[in-house]
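These are the structures, in structure tokens.
Consider the two complexes below, in which chain A is the common component and chain B and chain C are the respective partners.
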Partner chain A sequence: MDPSEVEFVAEKEMVTVIPNFSLDRIYLIGSATCRTNVPHMYRSADGYLCVQGDLGPFNPGLPVNVPVWLALNLKQRQKCRIVPPEWMDVEKLEEIREQERKEDMFTPMPSPHYMELTKLLLNHASDNIPRADEIRTLVKDIWDTRVAKLRLSADSFVTQQEAHAKLDNLTLMEINTSRMFLLESLNCMYKLRTNLQHHGGTAKGQEY
Partner chain B sequence: METQSYTPVPPGVGMEENFLSLDDILLSQERLPCQTETCFLRLGFVEKSSETPDIAEGTKMELPLWLAKGLYERKRRVLSVELPKVYRDGWRTVFGADPNVVDLHKMGPYYYGLGSQLLHFENPENSEIAQTVLRTFIGRFRRTMDSSQNVLNEDTSVLVERLDCLEKALFRAGQSGLNSFQCWEMGRASHLTASSLVLNYRKRKIAEVQE
Partner chain C sequence: MSESSEHSADDELTPAELIARLEEAWMNEKFSPELLENKSEIVECVMEQLIHMEENLQRVKKGDIKASVHRMEIDRIRFVLSSYLRSRLQKIEKYFPHVLEKEKSRAASDPSFLSPEEFAFAKEYLANTETYLKAVALRHMPPNLQTVDILKAVPEPPLDSFVFLRVRERQENILIEPETDEQREYVTDLEEGAELLQDFQSCETS
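What follows is the complex of A and B.
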């Protein structure tokens, strides 16, 4: 998978924006397999029956939840102001970083696409996000720690010749970066192991 | 993403070779020391050092793998294959001690491939060879992983020269993952670049033609 494809998947996440225009509710094709907590159809606070693909209504100055792809588009046309997600805050990220460094396992991340969202929001909306550079550095530190843990666990996986491993709380981008290498080396290891089966223990006939 | 003008067939690691894989074709050219068990009539001209018209029984020759595999048959006793140096007991102890010190490129660039192919020839040491090959791979895995994931835009020839061909393919896979991530992070992924296929065709640009 390409990192750009992972970024495309990440753009489905919801973010809060404050528009400066007004527009009635727009009806887009919604997906029932969206990973938000909102059910497919629900009754909103003002009593309207909403379907998941619906967005809006947009009123100037009032915050509204939209997907990231729409938020970036509106921002580029200077029609909104992006509100940073609550985890994109220096103190919070420092806490997360310390916790990640202490634990041996992977800690749950505030968003399953934290890396992509950081890059997208900081590139397009850094004026709306306070202390953007520090946030960038902190997220990079968290990323480096997690990737190092991933490599360690891959190494122990191969060295002990385990049959399968379980890794919780990994995000798609991290998996994607190490996918090709890990798959190829595990394939090679598997084939070298089947050599053993032919000649290691008892002599078997050829398996097909 | 890199596009190629064809999909290369990967080598079959292990006892089966892929017929169409270039790596396997080159692997089958590796020479093995063999000893003939029967007389090959009127083939004396093949071996340059013999004066007799036949190849006598018990001659030691170096045959390429494809020929040795074709001629080898346990029942008719045409050929007996000896192990090359790298797979013998002495070197096996070295690999057992520390696989990382060995320059696998010099020891035959197809250490893993040839080791797996040797298992076709019935040999009492086969299980140890298989074990050693597997353990060497596992021992060197860490270093290959670290070097492929940590080098960026630098000259990788120093790291790659001690690797076997299989490890080189893994190194390239790791590098490509890393490079595409870095490229995306720096925002270069959204830049349009000419495809490598088009560059290879060396199409002349309009400005050059008009001059």
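What follows is the complex of A and C.
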């Protein structure tokens, strides 16, 4: 998967913004907040056929939850201020980093898309986030630790010829960095091994 | 305007669930080595939603903030839908004889793997490839070598390739095939939420 596609998936996460304009409710088709709501369709006052979910109403100075893709767009049009998520805080991230360094396995992360959100929010809204540079460094440290663990475990997976592995608490972005290489090499090795086992058997999947 | 008739078109799925299913189908299709079952109901429902929204947006004046927000969401959903259909088409092109064979051999009551348009595409692709091979190479060969078995010539989808997967419900006793003679088969239980790396063949059967 392309990293930009992973970022696309991450942009559906919700974040709090403080708008400087007012607007009544917007109803999106795929709003993440509305998985538990019963659907209903009706015609709103300004003639929109509203399908599902709600964002807003937007009032200047009052916080509202929106998906990240919308928050970034509003920020670029200078229509809002972004409030950093509560895990994007220097003390919390330092704790998480220490935890990650101590444990051998992967610890649960505050958000399944912590890396993408950090990058997006720090690139577009660093003026709204206190101590942005420290946060950037901390998140990078956490990322480096986890990716190093992933490399080690991939290495042991290959050398011990395991058939399956358990990887809890890994985020999509981390898996994605090693996905193509790891899967292709595992497939290659599998083909080599099974051909050794079955001399003269029909070789499937001849790739040129 | 009768809202209830539009509501029933969703088949008791909320639009948010519909989009979530589309995205799940998209990710599954991207990462699995072979063509998965066709989710034409989801595709059709999503197309309906998009067309509805587009019609609404035509009627409203431009420059509205709401219109641009709705438009952005439509673009996002359209991207997922096109990417899903595109990865299916890529797989059909790659494994076309096997796909057609599978479709031919399924029972009438089983859900089909290909939508009608995809089926037509696959057949056309097969016919075009055969014509091409004949015109370019086969007719210059000695008469007894002029046929080619397309099923053997095109590689099968690699069902033994490894995949990352996330478990949604607890499964018990999944059999992992041994790769070498020294290893034995073993069974594992899959807990909900676990993410694993294992070969596709054992996922298929579980």
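We adopt the following convention: the second predicted complex is superposed on the first by the 176 of 208 C-alpha atoms of A that agree within 3 Å, B and C clash if a C-alpha of one lies under 4 Å from a C-alpha of the other, contacts with A are read in each partner's own complex, and residues count from 1 in each chain.
In this section, contacts are C-beta pairs under 8 Å (C-beta built on N, C-alpha and C of every residue); 3 or more make two chains touch, one makes a residue touch a chain.
For clarity, every value in this text was computed on a predicted model and none was experimentally measured.
The partner of chain A that touches more of its residues, comparing chain B with chain C, is C. In the overlay built on the shared chain, the residue A:Arg101 is in contact with neither chain B nor chain C. Touch criterion met: A:Thr194 reaches chain B and chain C at once.
By the touch criterion defined above, A:Asn73 lies against chain C but remains apart from chain B after alignment on the C-alpha atoms of chain A.
Looking at the shared chain after the overlay, A:Gln161 reaches both chain B and chain C. Residue contacts after overlaying the shared chain place A:Ile26 against chain C, while chain B stays out of touching range.
Within the superposed three-chain model, A:Thr177 lies in touch with chain B and out of touch with chain C [touch as defined at top].
Shared interface residues of chain A, touching chain B in one complex and chain C in the other, are 161, 179, 187, 191, 193-194. Touching chain B in their complex are the following residues of chain A: 2-4, 7, 119, 123, 147, 151, 154-155, 158-159, 161, 173, 176-181, 184-185, 187-189, 191-196, 198-201.
Residues 1, 12-15, 112, 116, 119, 126-127, 129-131, 133-134, 137-138, 141-142, 144-146, 148-149, 166, 169-170, 173-174, 176-178, 180-181, 183-185, 187, 189-190 of chain B touch chain A in their complex.
Per the touch definition, chain C reaches chain A in the complex via residues 1, 3, 6-7, 10, 14-17, 19-20, 23, 30-31, 49, 52-53, 56, 59-60, 65-66, 69-70, 72-73, 76-77, 79, 83, 155-158, 160-164, 176-181, 183, 188, 193-199, 202.
Taken in their complex, chain A has these residues touching chain C: 1, 5, 8-9, 21, 23, 26, 28-32, 34-35, 37-43, 46-49, 51-53, 69-70, 73, 79, 157, 161, 163-168, 170, 175, 179, 182-183, 186-187, 190-191, 193-194, 197, 204-207.
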